[in-house]
Structures are given as C-alpha cells and as structure tokens.
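A, B, C and D label the chains in the order they appear, each numbered from 1.
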Amino acid sequence: MADQLWLWAIPALPLAGSLIAGLLYLLGIERRAAPAHGAHDAHGQHSAHGDSAAHAAAHAAGHAAAHAAGHAPSHDDHHDHASTPNKGSAKLAALVACGVMAGALALAIKGFFALRALPEGSERVLESTPWHWIAVTGFQVDISMVLDPLSSALCLVICGVGFLIHVYSTGYMKGDPGYAKFFAYLNLFVFAMLMLVLSSSLLGLFIGWEGVGLCSYLLIGFWYAKGWPAEAAQKAFVMNRIGDASFLVGSFMLVKLFGTLDLSDIVNSIGAMVRSGEHTTELMVAALLLFGGCCGKSAQFPLFTWLPDAMAGPTPVSALIHAATMVTAGIYLVVRLNPLFAASEIVLFVIGVVGALTALIGASTALVQRDIKKVLAYSTVSQLGYMFLALGSGAFAAAIFHLITHAFFKGLLFLGAGSVIHGMHHEQDMHKMGGLRKQMPRTFLTFLCGAGALSGLPLLSGFFSKDEILAHTFASGGAYRVLWAVGLLTAAITAFYTWRMVALTFFGEGRYDKKHVHPQESPAAMTVPLMVLAVLSVVGGALGLPVVFGVAHALNTWLEPVIAPGRDLILARHGGEAHHLSHAVEWALLGLGSAIALFFAHRGFHAYKAGIERDEGLARKRPGMFGFLGEAWGIDNAYTQRIVQPIKLIAFVTYVVIDQFVIDGAVNGTAALARTTGGGLRVLTDGRVRTYGIWIGGGAALVVFFWIWS
Amino acid sequence: MDHLTWLTFLPLIGAALVLLTPSSAAQAQRMIALATTLAVAVLGVMIYRDFDSSILGAQQVVSIPWFEIRGGPAIRYTLGIDGISLLMVALTSLLMPIVILSTWGHIDKRVKEFMVWMLVMETGMLGVFLSLDLVLFYFFWEISLIPLYFMVGIWGGERRIYATIKFFLYTLAGSLVMLVAVIAMLYQFNSADIPTLTELAAALPADKQGWLFAGFALAFAIKVPVMPFHTWLADAHTEAPTSGSVVLAGVLLKMGTYGLLRFCIAMFPAAAVQWAPLFMVLGAAGIVYGAFLAMAQNDLKRLVACSSVSHLGYVILGMFALTSAGLQGGVLQMVSHGMSTGMLFLLVGMIYERRHTRALDEFGGIAHSMPLFAIFLVIAVLSSAALPGLNGFVGEYLILKGAFDANQTLAIVGVLGVIFGSVYLLVATRRVLFGPLNKRENRELLDLNAREIATLAPIVLFIVWIGVAPTPFLNKSQGAVDVIVRRCDEARALKLATVTADPADAAANLTTPTRR
Amino acid sequence: MQVPSEHLLILAAVLFAIGVLGFLVRRNVIVVLMCVELMLNAANLTFLAASRQHSIPGEPNLVGPVFAIFVIAIAAAEAAVGLALVIALFRLRQTTESDAMQEMEG
Amino acid sequence: MAEVFFYALSALAVLFALGVVLAKSPMMSVLNLLGSFFCLSVIYLLAGFQFMAAAQILVYAGAILVLFLFVIMLLNLGDISAHSTGFLGALRSTGAKIGVAVAVAIGLALLISVNLGMLGLKPAESLPDGIDGMTGIATELFGRYALPFEAVSVLLLATMVAVVVLAKRQRPGTDARKS
C-alpha cells in the first residue's frame, strides 16, 4: 500500500476554496471601522485634538451606511436581482468555489478508477501519509486519508452532487449580499464532509462530523437577520451536540476496548473479540452510544426535530446538507463500523425499530404540511429512517444504495423546489401555488422524475433501492416482519404525499396573487443541474438491480470488502445460513411494491389535482389529528415543555437560589460576622493617640513581666 | 544574566521606565509597556525554542543563595523551567502584549499606574511559573495578587469595591493557609528547593501527606476556582476592566491549576490518589454547575466568567484523573482556555466600549453592522465550545478520555457539559449577533479597527494552530507529566498493596495504565 | 569610671518610664514628640551600656555606638516629620492637642 | 570622683526629664529636655563614649531641639495659653490615669529585670574607659554597616522631601488633594 499523498488534496481543495472565498468576502464587505486610536465615543478628547473633521465625516458616512444596512435584513429574502448586482469579488468567489469542486470531483473520479484498477478480491484500499494529530503517552491519533470502495462511492456522491449544487447556487443566490460568504461556507462544508468519509480514524471522522454540523449551523442561519433561521441553526447545533456527546462516550469505550481509534484496526479486531465472547456488553453499549450520535446527525427519532426547522436555510443548502450528504453521515458510520453493530442482535433490532418508527413519523407528518420544503424535510427524515431500517436488518449495501439514489432524487426535488420558490419570489406555501407546469416546464419535468423516484414508481431509482430494503427486512423474519409492514405502510404514505405535492404545486389553478407574482422559469445555471440529477434519478437504479433480474448487483459487488465482516458476523449467528427468499417471493414483493406505489401515487395526485379543498376539509373534520400530524406527533412541543423549560428553570434556580443565596450568602455572612465583631471591638480604638499608646505600652509591660516571671 | 532571570524581571525594568515618564504622556507609557511585553514575548519564544523535551526535570536552572532562616533551610533564588511551566510561560508572555494592546480602548485614566501594575503582575506571574524555591514561589504568588486588586479597585465597574474586597479576601485566605503549609514544609524537610521537596514529600506515608496536601489544595482550589469557591470569580470578572479580565482568566487562574499540578499532585501523590475522587466530583460538578450559571446570565461578561468556571472544571476533572491523557489534556486545556476565554473577554470589552452595556437583550443583529466582530466572536465561541480542529477540542477530548479511564460516571457528567456548553454559548451568540437589527444604537456600531484586529488575530492563529497540530505542544509537557503519572501509579499501587496486602495485584495495577 | 553597667541601665529605665509617662499623659503633640525623644535617648543609653559590657580593654565593641548613631539619625528624621505634621495640623485646626486628631477612629 | 559625678548627673537627668513631662509650657519642656540631654552627654563621656557624647550635643541639642524650639516659636506656642493642657490638667481624664499606671508598670518591669541580675553583667572593674574612637566608628560605618548607612541617607532625603511637602503652605486657589 503505497503512500497516496494526493488523497489529501480531495478535502484540501474545498478547504482552500473556502479560505479564498472567505477572504474575497472579507475584501468585499463595506466595513465601517471604528477610529483606530483610543476609545470611542466615550471620550472625545482623543479625536478632538487632531482629526476631528475626519471623524465627523466618518460619522456622517456611518449614518448613511447605517440606513442602508438597516434595510438589508428585511431585504435579502426578496432581493431584487437587478438592484444589487454581485461585485466582482463575489463572482470570483463563486468561480473559485465551483472550480475547486470540479477539481475535487475529478480527483474522486481518479480515485475511483485507481481503486478499480486494483485486482478484484484483494483489499481495494488506497491510503495517504498519516498526519500525527494527537499523541500523548498511551494514546495516539494518526489520521490518514483512506479511499476504499465505500468512501470512494460516497466521495463521488459528495463531489458530484456537491458540484451540481454549487453550480445551481450561482443562480439561486444571485444578488444576495452574502454571495461570497455562502460559497465559502458551502466549500467548507464539502471539506468537512470529505474529511468525514475519508478519514482513517474515528476522531478524524469526528472532525468532519462536527465540521459538517458547524457548516450546517452557519448555513441554516445564513439569513440570520430574520431571527428564526438563527434559532433553527442553534437548535440544529445543540441537537447534534446531544448526539455528539453520545458519540464521544462511544469513542472512549472503543479506545478502552481496542486501544486505538483507527477504524480499520477496530473493524479487524472485532471479529476475534466477538468469537472470544468477551466484552459483549461493552461492545453493545459502545455500538448503541455511537448510534446515538447517528440519531443526532441523521435526524432519527428522538432527535429528528431539528431537521424540519433547518429548512430556514437557503434551499441549495437543504439539498446538499439536509438531504444528500450530511444527514447520511450516520448511515456511513454504521456501515463503516458494520461489524461493531452486527455483533449484537439487540443493537441491530434497536436500529431497525428506530428507523421504522422515524420513517413512519416522517412520512405521516409530511402528509399535511403546506410548506413545500417542510414536505421534503419530513420526507427526508422518513427516507433516512428507511436507510436505518436497512441497516437494522443487516442490509448494509442496500442502505448505501438507498443513500445514493436518495441523494440523487431528494437533491433533485429540493433543487426543483428551490427553483419553484425562486420563481415564486420566495413563496414556499403550496396552498399559494398551483398550475406552475406551464410557466416552469423544465423544473416541472425534472421534478416529476424526482417525485417518481421518491414515490417508488417502477423502474425508477428509488423503486429498486426501497424494494431491496423491504425485501431484506421481510427476509430477516421474526419481529422484522412487523417492521416490514411499517415500511410498506410508509411507502404507501410516501407515494401519496409526493404526488399531493406535485399536484398542489404544478397542477390546478394558480392560487397566488397574480397581480404581483409572475412565476418564471429559472436560469440555466439552475435548470441544467436539475436535468443532470433527473437523469441520475431515473437511471440510478441500475447500480443495484435485483437478483431476480438476472444481472449482478453492481453496488453489492463493489462494497463487498467493506460489508463482509459485518455480514459474516450475522451469518455466523444464524449458523452460516443466509435468509434467502425464493424468486417467487421476490417477484411478489416487487409487484406489491409497484402496486402500492402506483395506487397511492394516483390517489394522492387525484385528491389534490383540483385544489386544496381536501386539506381544508380534513382540517375542519379532524382538527385533532390534523394538528397532531402537522406537529410531527407533538414531539417538538413535548421537548420544549418537558426538557427546555425545566432546564431554563434549573439554570435560574442554580443561579439565584444556590449561587447567590446559599454560596454567596455564606460568603457574605462570614463577612457580616467579621463586621459585627469589628463593630463591637471598635470601642477600644477611639482614635486618640494616647489610647493606642496605652495599649502598646501595657502590652509591652505585660511581655516584660511575663519574661521576668518565667 | 541568564534567560530566565531576564524573562522574569524584564517587565519590572519596563515598569521602572514607565514610572520615569510624566503622567500626561499616556501614549509613551503604552508604547513602553507594549515594547516591554513584546520583548518578553520574544524572550519567551527563544526559551521555548531552546527547551529540550528529552530532559524530564527542570532545565536552564539558575540558583543563587538568597537568605537563611535560623534553624531552618537556606532559601535560594532558584528559577528553572520544565515542560509544564514552559507552556504556562509561553502563554503568559504571548498573552501580555495582546492585553496591553487592548488597553488602548478602555484605559484612559491613570494610564501610567495601570501599565506599572500590569508589568509588575507579569513579573509575578512569570515568577510563579518559574520558581523552584518554595519561598520564592510564595513571594511571587503574593506579588501577582496585588496588582489585580488595584486594577479592579481603580479601573473597575460600578461594584468594584465589593468585588475587589471579595477577591482579595478570598485569595488571601487561601494564601495564608498555604503559608502555613509552606512553613510546615520548610521545617519538616529542612529544604526549600522544590525538586528536593518533591522527592522527600512524595516518600511520606499518605496520612502525613494529607494535611500538607489540604493546605496547598485549599489555596489553589480558591484560585482556580474549584466549584464551591467560585463566587469571587464572577464578581471580579464582571467588575474588572477588560484587560484585567483577560489576564485573570488567561493566566492568573492557571496559577491555581498549575499549583495543584506542581504541588498537590506531584508532591503528595499518595494524598492526591486518596483525594482524587473528591476533586473529580468537584470538577465534574463545576462543569455542569458553571454551565447552568452561564445559562441564567443576562450580562455577557458574567456569562463568560461563568463559562470559565465550567472550563476549569474540565481541567480539574482531567488532572485528578491522574492518567497521562487526563493530565496532558488538563495542561493543554489551561493554554486553550487562556486563548479562547481571553479572546471572548476581549470581544466583550470591544462591544462594551462601543455600547456601554453588556446586557444580552440590548443587542441583536450585530453581525450586520460589525461583520468582522461577528467572525471573531464565532471563532472564539467555537473554540470555547470545543469544535474539533480548534484548540479547545484537543484538551477536552484528552481530559474526558483520561477521566473516562478513571471514572466513567464522572466522565459522562463531563460530556454533558459539552452539550450545555454549546447551549449557553450559542444562545449568547445568537442574541448578540443574529436576529433583526432593530435598535438604533446597534445599527450605528462601528466595526473593529486595525488595532483591535491586531489584538485578536494572534489568538486566532494559536487557536487554529493548537487545534490542528497539538502534538508539538503536547510533546513539550509530556516528560514532566509522565514523571507525575509514574509517581501517582506508584502511590496507587502502594495503596492497593496495603489494602489487599497482595503485591501481585499492586504490580498488575502498576502496569495497566501505561498500556498502549 | 567604675560604675557597674546595671546603674546605666537603671538610669535608662527611669528615663524611659518618664518618657512613657509623658507620652501617655500629655496631650500637646509637641511635648509628646519630646517624650519620644526622651525614650529614644533611654534606648541609646541602653545600647551604649551593652557596648560597654561587650568591650574588653583594647578591643572595643562598636555595634552599640553605631546603632546609637542610626537611632540619632532616624530620630532626627522622625522629629522633622513629626513637627511638619504638627505644623500641618496647626494650620488645619489651630491647635496642637492630639485629641484634635480623631478621624482615624475605627 | 567620676562615680560621684555620674550619680549626680543621673539625678539631674531624671529631674530634667520630669521637667519635660510636667512643664505646662512647651517652651519649658524644650529647655528641660535640653538639660536632660546635656546630662546624658556627660554621662556618655564618663562611660567612655567620646564620639557619642559629641554627637549627642551636636545632633540632639544642636539640631533637633532647635527644630522644636523653632516650631514652637513659629506657631507661637511659647506662652501658656489655651493651646496647651498641662500635665495635671491632662491627668483628669481616666485614660491619662491608666497611662500613669502603664508607665509605672513599664518602669517597674525594666527596673526589676535589671535588678534581678538576669543579664549576667560583668563587674565594672574589667571594663575599658575609652571605647568609641573615631577610627573604629568610621571603619564600622563605612565597612560592615555601609548599606544601612546609605539606607539612612536615603531615609533622610525622603524625610526632607516629605517635610517640604507637608509643611508647604498651599498657594491660594489650589486644592491640595488634586495636585
């Protein structure tokens, strides 16, 4: 395994791009700096002698700029493209950002072919020179970039979809005052995501893990001036942190068990540990703790509530971070450490249950949303649940398959929604859309492809990946059959809400204010990425055609070296027998899936083709249920009431009662005691010199007498 | 003269120069102080460069007879540097020019006195970290206490007198207890040389170490401050001028943790092993408690002060885990905390100079009028919240990892602090920077000027540097920490041996913590 | 002179006691200062007596006289400062009574 | 002969000292103090301290007492006026009575300690007559005690400055506390 230094270039390119774009942003902003000398308005004497005229001028200019700035916050949402043209530096930043993405994509492709060039069956791994990050006696963290089939696949997705979204953003963000900043963040995100998938060490992975969280924070809060995006960003970060805390404890357990955080070392030594029968509980706890981290990052029950709020960010961000890449980090982690999770049946089942439950909650909530991005957000939660369902049933390759197809079609749907929102002057409420297929034909057609894939219409990419998951779950038997039924129900709901969304957005009468809103097709920078993604959404299923089709499952074969350890553990537990479904059953499942998808897609489309009456009727007839579903089963409110409020109360009590009253009370009480004693003794010191003299003299006499006496 | 003596007393020379200037020449006084601290920084960097990590004990030692106590030991002027003090000295000497530069903005009365106190304080702090003689150490320890008293008392905020007296009495109480312990040490062992004392004291049985340990520990615990003794900190920070807060958080508090490490743990390993659970509990409690306090604050500066309590809880938790990772993490966290909290105080000061308020609800949307300020604040907050890749993470991870090996429950409590830490920091950030810019005063805020950028940029450099490549820093202190860990392991083995009376067990215990 | 040193010391003790008496009883600050001088003189006498005790013929012990010289010098300084204070006090209060200075009451 | 002189001078010195304390007028106190110092000076001479005797006259009588006199004259306190409370007048307060008791106690304590023979003094016959030759004093002062000597000189300088600052009359229109 030769040193492949160039692997470092894959994450380094976006990082460099981010730094350059950030620098360009800093150069581009109109700053009103305080006078360099002395303190500011508090004491004018500094500026008074010397540059008072200049100071006054600066102040006046400050006023003018302040007015401009005062408008800006309310402005950037409905920005007028013509009135705020991007500066040259901002355009350059966008160019740099897209350029480094193209470079990273090229390197990812190079890496893919370099891996393919290695003989099949051997360990297909490329590793770079390590970076000795942390080293203390007894504990060392070396990080190198490792390209193996799994990370290569994800690299391609990240760089590919990432590149498309960068291009799309050049159109979508046009005219925004933070144009260059946006690209700096976006590039930084790609850097962190690549660190996450390429890192050889769990702690290196954690750099990326928290790094993507940070970028998510920054990008959700990109339009911070509106207030709620900043709150959503904060919520996302904190909920991720809850998961990360669990992740950290898991990593401590792994260090304790294996003495290292190197991922491949851990994977290689789990098998022996499981066979020896030692540390079974510790392994299980470590796996569950890491899964806790995944719940935060991948928005699984009970930590999923940040993701819908995260839609406050710009739409390309939702597409890239909150659909295609970051939220799938949890799936990546589980597959990366698959033997750890596969070592315990309980862990797998917990993952499966959480996945299925999340899928159901997400899908059912998406049913009644009015905001197009919220529909897609809950849909993402639900689809991520599917992926965890796959992991829970031991179908690691299927999870990655769905991850990839989902990246295509959900990225496409988000970008399409973004195109709609862009064309509708930042209207997101589907009740105020309708009939847009005529005005936005390209967006409409590509959106259809994405919707078809999401709802699992036969032969589109989502159909195959979802079907594979359901088939695996079915095949696992036992309690997994219940999970399979939940998955099937979710598939039905998914088809329904997807086509409800399509119908509400593109069909029926236009329900918007036609005098002021003139929907129009988006520029090419936005529609071309849509088309590319549409093609991928349609044909992406070719990566993993079912066995019954008689062709090899390309992705399975490719990922074989990575997923073999975990699969072998599961097989060993079942006495070496894999759950094989007969061809007949497989065909039946495929047929069932197609039928359900088609039927419910039809129902959803027809119910809403005409308009929004059905929503209104439902809200009137079943307000309780409508509200329950609309608020994601009331989980978010429960958190606010049961967790956030009590913590605020505890903090207040800690400060006022314990700190101020008890501890400081004791301190001040001591002081008061001293003061009282002193007050009593002050009679002795009347301020007369003679009195003090008497004290001194008397004391001296006493000392001498004592000396004589002894 | 040798480097260490120059380093320690150069600030005093600067102070004398400042004293020679006329009172009205404020700018000259500032420049002299800045030049002095810069010279000290250069000297500090030279000493850092010359440091040989392969030597375990003190190096570059200078020792001159000072005076003798009849019937007691000879007191010598002994300075020396080892890996732990090296990092502290580097932190001090690099932070001081920044602090001086920051005073341009908020010290405009009695500049001369302020600069003199600052420089005297630098001598005191450097002396504390460099002394290898117990009496000299105590001398510098008290020297460094006085300047802050005046800084808060003269240049402080509204309740400065209350804060000053509280601060002074608290630390003085601790110092006096320590004095008793110092005197006891001098007569018990008839030596004032710290390395000698370390050897002698470590050989005492656990019960005899206990009282001496307690005497030192109380003084240092107040200085750190460990949880129940923390109330002076918030008041002192709130009332102190910005530069005072930066020095207090950046360096002075580290004297407490440094003392705990150098005296309590290294000198009395048996007592440390015995009392470690208590201190770990206090550390973990401090983490969560400080975080809750910070959540309840509306005053931005007080919030940062409370976060200090939380962060120093990590240091205590890690150090008293008595493992290599925990101790190394603790040492690095001392440096990191100096950087990140120092930077937060600087930023709070900058915005206070502009708005003359620190109440969180007075702000909002400032990122729009002060974009550069926003960037720096976010960096400082992320560093404080221990984002991987920035300095705070390395220390915190090592601390928690070390603590996890020693006590899983407390480590998990410490991890909870990671969550709470992000809550109060992000909430404060949001309330200051984000949201609508709906106050007129905030709209007219001016962004950072070149001088302010110059004060912040070096800190950012180190925040990233330590975060990305901590190993060179860790290597410096590794030798000194290894010695301490070995002592503690021996003490633990001895304790086990006496409890179980089975030497085989003890030997097994001795080998486990050093396993890779 | 064949006087035993005890007698010198007794003289010093008596003078000192008289100084203390004046110091504790008199209110006039100037007189109080004079009484301090008296006490210092008594102390000087003690120093000299001690010096005399520790000398043997041909080998004088000079520590006593040297310290007495220091005492005289410092006494001069003390008197100067004390009197300056008296002047300042007199300007402020038009009196030299020590009871006029009672602001330092605890 | 010398012994008789000594005892006579001792008695005189004590009387003069009492005079300092008892005199109502500060002027009389100064003059009594002068007498006491003269007596002591001669006693020094008798005990073998020629240099100290000279210093006593020159510095104490010559410099310090003149300073006292000067101040008394300057403040015009020479006459017996309301400015001064005499010994008996002061004795009326309880504090002063306690003061007398304390002074007596101190005196007794000192006398007892001398008379108990705790000091173990050598008999007078073996003591030298001349002790503080100029050469010896100079050697000591500029040799072993050079540093304290310099410190005293600094002290005197500081005293000079302090006295000037304290006794300086404020120019009208300036506030002492702000300068």
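Simple rule for what comes next: a contact is a pair of C-beta atoms (placed from the backbone, for glycine too) under 8 Å apart; a residue touches a chain by one contact, two chains touch by 3 or more.
It should be emphasised that the depicted structure is a prediction, and the values quoted were computed from it without experimental measurement.
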At minimum, the number of touching-chain hops separating chain B from chain C is 2
Using only protein Cα atoms, the chain sitting most centrally is B
Per the C-alpha centroid definition, the whole-Å distance linking chain A and chain C comes out as 85
Chain-centre distance (mean CA atoms) for chain A and chain D, in whole Å, is 89
Averaging C-alpha coordinates per chain, one finds the centres of chain C and chain D separated by a number of Å equal to 4
Distance in whole angstrom between the CA centres of chain A and chain B is 35
Touching at least 2 other chains, the residues of chain A are 688, 690, 693-694, 697
Where chain C touches two or more other chains simultaneously, the residues are 20, 24-25, 27
Those chain pairs meeting the touch criterion are A-B, A-C, A-D, C-D
As the complex stands, chain B meets chain A at residues 104-106, 108, 166, 169-170, 228, 230-232, 289, 292-293, 295-297, 323-325, 328-329, 353-354, 356, 365, 367-369, 371-372, 375, 378, 382, 387-389, 393-394, 397-398, 400-401, 404-405, 411-412, 415-416, 418-419, 422-423, 426-427, 430, 433-437, 443-444, 446-452, 468-471, 474-475, 478, 481-482, 485, 513-516
Residue positions on chain D within touch of chain C in the complex are 2-3, 6-7, 10, 13-14, 17-18, 20-21, 23, 26, 29-30, 33, 36-37, 40, 43-44, 46-49, 51-52, 55-56, 59-60, 63-64, 67-68, 71-72, 74-75, 77, 83-85, 87, 90-91, 96, 98-100, 102-104, 106-107, 110-111, 114-115, 117, 119, 121-133, 136-137, 139-141, 145, 148, 152, 155-156, 159-160, 162-163, 166-167, 169
Within the complex, chain D is touched by chain A residues 688, 690-691, 693-694, 697-698, 700-701, 704-705, 707-708
Touching chain C in the complex, chain A uses residues 678, 681-682, 685-690, 693-694, 697
In the complex, chain C touches chain A at residues 20, 23-25, 27, 32, 98-99, 101-106
